[in-house]
Amino acid sequence: MEITKTERLRNKLHEIIYEADTPFGKLFDLFLLLLIIVSIVAVMLESVVTIRLIYGQELAVIEWIVTIFFTLEYIGRVIAVKKPLKYIFSFYGIIDLLATLPTYIDLLFPGLHFLVSLRAVRLLRIFRILKLVHFVGASNQLVRALKKSRLKIAVFLFSVIVLCIILGTIMYMIEGPESGFTSIPMSIYWTIVTLTTVGFGDITPITPLGQFVSMIIMILGYGIIAVPTGLVTAEFMSKDKTVHQNTQVCPNCSADHHRDDAKYCYHCGHSL
Amino acid sequence: MEITKTERLRNKLHEIIYEADTPFGKLFDLFLLLLIIVSIVAVMLESVVTIRLIYGQELAVIEWIVTIFFTLEYIGRVIAVKKPLKYIFSFYGIIDLLATLPTYIDLLFPGLHFLVSLRAVRLLRIFRILKLVHFVGASNQLVRALKKSRLKIAVFLFSVIVLCIILGTIMYMIEGPESGFTSIPMSIYWTIVTLTTVGFGDITPITPLGQFVSMIIMILGYGIIAVPTGLVTAEFMSKDKTVHQNTQVCPNCSADHHRDDAKYCYHCGHSL
Amino acid sequence: MEITKTERLRNKLHEIIYEADTPFGKLFDLFLLLLIIVSIVAVMLESVVTIRLIYGQELAVIEWIVTIFFTLEYIGRVIAVKKPLKYIFSFYGIIDLLATLPTYIDLLFPGLHFLVSLRAVRLLRIFRILKLVHFVGASNQLVRALKKSRLKIAVFLFSVIVLCIILGTIMYMIEGPESGFTSIPMSIYWTIVTLTTVGFGDITPITPLGQFVSMIIMILGYGIIAVPTGLVTAEFMSKDKTVHQNTQVCPNCSADHHRDDAKYCYHCGHSL
Amino acid sequence: MEITKTERLRNKLHEIIYEADTPFGKLFDLFLLLLIIVSIVAVMLESVVTIRLIYGQELAVIEWIVTIFFTLEYIGRVIAVKKPLKYIFSFYGIIDLLATLPTYIDLLFPGLHFLVSLRAVRLLRIFRILKLVHFVGASNQLVRALKKSRLKIAVFLFSVIVLCIILGTIMYMIEGPESGFTSIPMSIYWTIVTLTTVGFGDITPITPLGQFVSMIIMILGYGIIAVPTGLVTAEFMSKDKTVHQNTQVCPNCSADHHRDDAKYCYHCGHSL
């Protein structure tokens, strides 16, 4: 029964890599989390010139250790899953590949060094691990509330962008290139900086009329922020009512969103 | 029956230009949307000096294509509608005219070149097209909620402006022209920049007292923002609440705003 | 009946100056509103050096016309009211006096010219006039909601200030005078600028540790703003609710949440 | 009965120092509050170079008076309490010690002068005193609402930080060291400055692509702020709602969250 043995090995591997219920699975996830963080910190530190000059060697060693482990893990994931192709072309499959490739590319084609920054996608891998952790419930609620007000937020953002283009053009006509409003796109950039209350101060109006229009833009931005806030708040509140649903899935008909106190599936009557 | 033929043609034209129910009407709207965006992007790019120097010729060609199409469309709109004068002096009628005129004016009177920026009003034409598209429902809800809290927002804005004038005058007395607070209007401009948490940094207080008052202004601005947000949120929510009321009117006493599950008038007890 | 005649005159005066129900009273208020705005604009323009140099004469004339009218009005108010002393020492009485005095003081003691800016208190007179106008209802609601959450807002502001003092001291220890954090008060000023998301940029951290702490301060400020907003929103909402519904319960069918003006149960038609 | 006398003395001391019900206790607290504020103001003023040069002597005297009183108070607190060790290692015990130590250390080891800033921890002592004052109720409500939305806020903050790391890396790749984006950590610092709408302006994008991505970051930050606000508001509101539930537990089936007016368990019908 050679095949069964392979099968068993693959199941074991799947349990460790993909699940977090067994002690080994948990340990693996924790180790992976640590490795991702170490790798991200290393990528960041490497970008600081003074640190790269002194600890460049050590950071390269860490980079290679992380890359080799990620490569082994990637191979493991491909082997452990029943439909390897589906994994490879899934969102996390591509992220996993992008997490290892840049280091190899840098070795083979030193000219493409700028691709090294792509290693930052490793950060996205954290979300896969956290998926298994408890507090996804809270994040699901967040995402659901945002999704429900998606359309209104889109309308709001579209209106803000149109407003910024119009106000930006007006400011360009008022201030002109002498004050730093060198072109309409630059002027729109300034308008967004102002309307969102960021206010870098790299460009500021100098004519009295420009300053007057700026005041209107600022008060507009100060007031408009109430709109997305109101939208999302209203959504959060209406969601609160449905809080008493849980994440159980009926083993018979796969219906979900059961009530917390449900003992039988609301759809097929099967015991939960 | 010559007239009927013209009539039929005009109806056809009206269907294509003004409506979006037929395939041709939809296609026309999509094409118009594309043209507006192309034209706006061209206007923006033309304002960037480096791009104008290289691609000026191409942008002028695009400009003329767009202008000619808009002109034909404007003529079409005037013909297709039964009361042309009403259209011509309507909000969108004026916008449509302003969308074409600047290019002709620039050709005839090169001295009025600055009017070219008026072409940005073309952006407003987008709203007409989107009017026909589905997601206006969401925007209507936004507008309704904002309208209902209009008066409170006006009171709030008025109070903020009075506050800014008073605080601006105080800052002018404290800081004086040496710190950049050259006049009361300039000082009010700075106060609005600070209160709305924009904070350009083009003018900053340098005396200890001025910095102390600035701190109060900043904390005020940080706290006051809660007011419009609270207003709009409350309006969004109350809208949700009134859903459960209906528009029934008591046949006996004309009281309205009955609950959805009401069987008897809350005012006279008459059956609904 | 000499006394009655004086009495009648005083009543007439009171009607015009203090009330807004008669045509004359309304006219008087509108004229006063206009005068206040003219006077404020004149004060602002006078503070702009270039304008003062050219139009100084004209502005002085306007100033004197306004001052003389305000003086006459002040005398009128003192005469028209039955208890003049009560008016003189009331809030608006003092404001009215301060609105006229600076111009006279400037004439008598040119050395006290800086007091001229006190004329900006005239702006506060607007509130007296608007008191008579309709839309005070909305402002009353605003003020009531703010008053109800007064204590919580005080706790919040106190915590923010303590937080700013502590974080400011930490930043002073980290950055030191070389980066512009010349003293603890200066450092606290910077912390408030940062926490309230104003961000002038006149002082910015330059050490890596200082920038790291700044990031924490900024994210704190970005999150903390939710607290006053949540407070005020909750207050606005709870107010909205209690306005229209009452806690009556139908004696017949026990339905509740009746409207305040309900005379019959909306469910069974029983008299309430 | 020597022991009883000591006991009585200790109780008396405990009453004065730890409690605020007796006139002496209240006076003691008020005096302590005043002393803390005086001491904090002295610490701040001392950090201002010009003030230190002139009033250094006086500030040192104030410092020593405060320190000696705090030392006596600390000894008093240790004596008055029954379990001195528990007090010494409690949060406030450590704060109390840290409030006195820096001055002595500065006397003994002048080289450790920078530790003097630690005296700012005295500010934390204010919270102990206010604990006894009335308005803690409001602050408790604030804290409870924040605690309840703790998990969601954590998820939100984590997502914001991941977003900032990714966007910061992208901006580093786009702008590069020439524009001030000298390293990935620096770039992340800029991203947080921008996303939280602080906008110092010490670093600003100069390439068109960088400015375009900045616009997206700013609009993101402007919109994302709705999330914590919505969370906290929803929590404030739901708190208001759940007031009407009590903490009773059914003696039969242990179901909880009964309504305040419940007489029978909603789950098993057992009398409560």
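As written, the chains take the letters A, B, C and D, and residue 1 is the first residue of each chain.
In this section, a contact is a pair of C-beta atoms (placed from the backbone, for glycine too) under 8 Å apart; a residue touches a chain by one contact, two chains touch by 3 or more.
Because the structure is a prediction, the values reported are computed rather than measured.
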Can you check whether subunit C and subunit D touch via the same residue numbers (shared by over half) or via different ones?
different
In terms of residue-numbered contact pairs, which of B-D, A-B or A-C coincides with A-D for over half of them?
A-B
Taking each chain's centre as the mean position of its Cα atoms, how many Å separate subunit C from subunit D?
31
Where subunit B and subunit C are represented by their mean Cα positions, the distance between them in whole Å
29
So the centre of each chain is just the mean of its C-alpha atoms; given that, what is the distance between subunit B and subunit D in Å?
43
Taking each residue of subunit A in turn, which ones touch at least two of the other chains?
156, 185-186, 188, 197-201, 221, 225, 229, 231, 233, 237
Inside the complex, what are the residues of subunit D that reach subunit C?
40, 43-45, 47-49, 114, 117, 120-121, 123-124, 126-127, 135, 138-139, 141-142, 145-146, 153, 156-157, 160-161, 185-186, 188-189, 192-193, 195-202, 221, 225, 228-229, 231-233, 235-237, 240
Subunit B residues touching subunit D - in the complex, by the definition given at the top:
197-201, 229, 233
Mind pulling up the subunit A residues that touch subunit B in the complex?
151-152, 154-156, 159, 162, 165-166, 169, 172-173, 177, 182-186, 188, 194, 197-201, 204, 208, 211-212, 214-215, 218-219, 221-223, 225-227, 229-231, 233-234, 237-238
